[in-house]
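Shared chain: chain A. Partners: chain B in the first complex, chain C in the second.
Let's look at the complex of A and B:
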């Protein structure tokens, strides 16, 4: 009789199929590790860069309440970046290397942050639409196969729903306000709708890694599935606000119990991914500047810590003597 | 990788009086005092904790997952350590 000996990789896949979590020191295929480091660090970079378009409005928020809320939200994004970097580090990636890859342009971040935030209504739209899309992407990742990633996502998701609600509240306030305010909300939606649909990534047919990622359960729905869900979720909310979704092909389809909608401009999508969006250079420039200008703080903190340690050791020696 | 990277710390949080500290994640900091302050900002922005422990990650020693089966094997065949192993007559109460 032939013995059924599973290879390491088959055992690994069997654990994933049984919905068991993989933990940092467990054996894993190199490709799984590499794909995860890329995915988690990209996600972390997105949180970090995502602070920039909103940071732009902290000093311009229309009231102290809105300013406090926006500050908290931006602080949360920093926190989300940190949860995710620390999850990636459990896979052996170094923080310095991940940041270097972001700053050199080698690593990507979500293209949505390469669009400008032109009016206060953009703060509403970013929270309501962009964070709404992010939540759809992120909720399934709370059950992703890699333990530290899943745990980080649980934290992120808990905090993200405040982001979406505060965005919706901004939109609702504008839509119930003066005609000019409502027009501002509509104008923001017109600019953000399509870029937000792009956040789910290329069409399934053009997403060759999806199949492997689904098998590893580091992705749990396809790009097109999530995009459809998003449209179905958001159209009624836009209707509630009295806003028009800028898509002439948007139509309820009773048969599929969902909306039919127009085609995303994929040329624009790839153009922004390649670095030619409206704000790519600004965003990366601001990030690199902050990093470089903070270098002396990082070095001073290390020097201070070393000095304090040395002093404590000297005092200990003196006490013994 | 450069030597400028701040050391990595593991963060443990007691969510309320009477509960254990629980591992929540890690962060970088120059020293323990900064690690505790950063942990407050990263992991307790919504009153998730009332006490924080930080341990430099290099000081954590762990069992080897590859040996887990053999390592934890001794407890595997001792069902009699669980109360459900024993059959208690129906008429016996409070046991």
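Let's look at the complex of A and C:
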């Protein structure tokens, strides 16, 4: 039979080409495993760090209803972190190691969370634009080739689209409100627009991993394709809100049936990636602090579990005797 | 007006005086859940374990849900057109009536667990009885919140046990937290004049009757946690009468920031 002549790697690729899912016990190339661990753990870290900029406004939310929605949203992010860490664990990574890599700076998380949240309108903008961009990045991952990741993403995406609608609704309330509320919304859009365009990553020409990831169907669209989609989706929404997108080069292009837009400030992008964003040190510092200050709690939980186990064993021995 | 527990009443039937007392009391309950929920929400993103970050946010959300139902009812009892947000955000510090315990800072995780345990032990047993209040609204709010409080008490009891019977460090920390926070526990079951008036009408539970079950739960949890039950100590009080510790002002500075900066806007 012909399949017998295929190498393991060729059989693996054939399964991917046939859109079959790869499961934890299946053979997979080391590079595929490594790429996925890197990508999934980065995604999990992004959920964890992403709790901070929005968590920043929970105690100051302007109404009880908004406070509940925001707290529940940030809690969802913690939940996403959990599913994603679990998905990465199916590839043989341990949560302790992944967290150690985050804390040492070896592992990355989404740079968008290194920008500060300075007004209540940021809770709207983060939901509307940042979650909007995240959804575009993530919806294709519901069909990604690695089964546990794809299934985790189905849950994540459902909740993210709910968050995005809530973010848009905050913006709509602000834009329909008093002049100072509308100004707050515009000011937030001015700060967040370019950083959200950066969320799709470097230009295709500068994205070394894209080709292999597309071949493995870990990724299904290129960075530039997604960025274009995002602009085409968001510009009409900004117009609906009566807000101005802060890009003088933004212009509808009939021929390509999409918008032309200005160039992202790639110097800023690489600086934030390298750790020079306004909040890189604070965000990572807050995570490291939580982890270090929580060490005694984790130790206590383990020590107590060990004591219980020991007592249960002693009782079992006594019963037998 | 004397109400026996077999009757149910709704706000239309109260005398103005009872209605005013009930308004004051429902505000006290709402303030209590609001301030404790606020404190717990400060942990969000900073918890010692991701699972516990989720658990604390969950409890905060339950308390916030209870808060909203209570402020909405309070607004109806008052009948002056104020909304849940007006009541939550636009009062003076001296008008907040939460007991002192719930405004105490998060401290370390042991402080938070002890604060939560002391509150949950009261809240759970209190809500259990409040479900039989002849006041329909309070009974309905209590029914929903009691189910949630059962989970909260389970969570904080389990952590008391883990920390007490965990490592030497965790035991020291939980003992230190108890030494600081135990003195705020008495206020929970010490009735104010308003509470006494409502208790005499059988509209709310008699706190003295809750004590045996509360003490039994403390005894059971502390035994498993291998912790001594703290000796009798001088109990602080004042929060329920609007006399707070220094901490409340800072909570309100954050809580009220948006509403105070942008008066009268919709969010």
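A few points about this structure:
Assume the second predicted complex is superposed on the first by the 317 of 321 C-alpha atoms of A that agree within 3 Å, B and C clash if a C-alpha of one lies under 4 Å from a C-alpha of the other, contacts with A are read in each partner's own complex, and residues count from 1 in each chain.
Convention: a contact is a pair of C-beta atoms (placed from the backbone, for glycine too) under 8 Å apart; a residue touches a chain by one contact, two chains touch by 3 or more.
Fair warning: this is a prediction, and the values are worked out from it, not measured in the lab.
With both structures placed on the common chain, the touch criterion links A:212 to neither chain B nor chain C. Within the superposed three-chain model, A:75 lies in touch with chain B and with chain C [touch as defined at top]. With both complexes placed on chain A, chain A has more residues touched by C than by the other of chain B and chain C. Contacts of A:83 after superposition: chain B is touched, whereas chain C is not reached.
In the superposed model, A:26 makes contact with chain B only, not with chain C. Contact with both chain B and chain C is seen for A:304 once the two complexes are overlaid on the shared chain. Of the two partner chains placed by superposition, only chain B is touched by A:96; chain C is not. With both structures placed on the common chain, the touch criterion links A:177 to chain C but leaves chain B unconnected. For the contact definition in use here, the residues of chain A common to its chain B contact set and its chain C contact set are 72, 75, 79, 82, 298-299, 301, 304. Those residues of chain A lying in contact with chain B across their complex are 23, 25-27, 72, 75-76, 79, 82-83, 86-87, 89-90, 94-97, 148, 151-152, 159, 298-299, 301-302, 304-305, 308-309.
Considering their complex, residues 1-2, 4-6, 8, 25-28, 30-31, 34, 41-42, 45-46, 62, 64-66 of chain B touch chain A. The part of chain C that touches chain A in the complex is made up of residues 38, 41-42, 44-54, 57-58, 60-61, 64-65, 67-68, 71, 84-85, 88-89, 108-109, 161-163, 165-167, 169-170, 173, 251, 254-255, 257-259, 262, 265-267. Interface of chain A with chain C (complex): residues 48, 51-52, 55, 58-68, 71-72, 74-75, 78-79, 81-82, 85, 120, 170, 173, 177-178, 180-181, 286, 289-290, 293-301, 303-304, 307.
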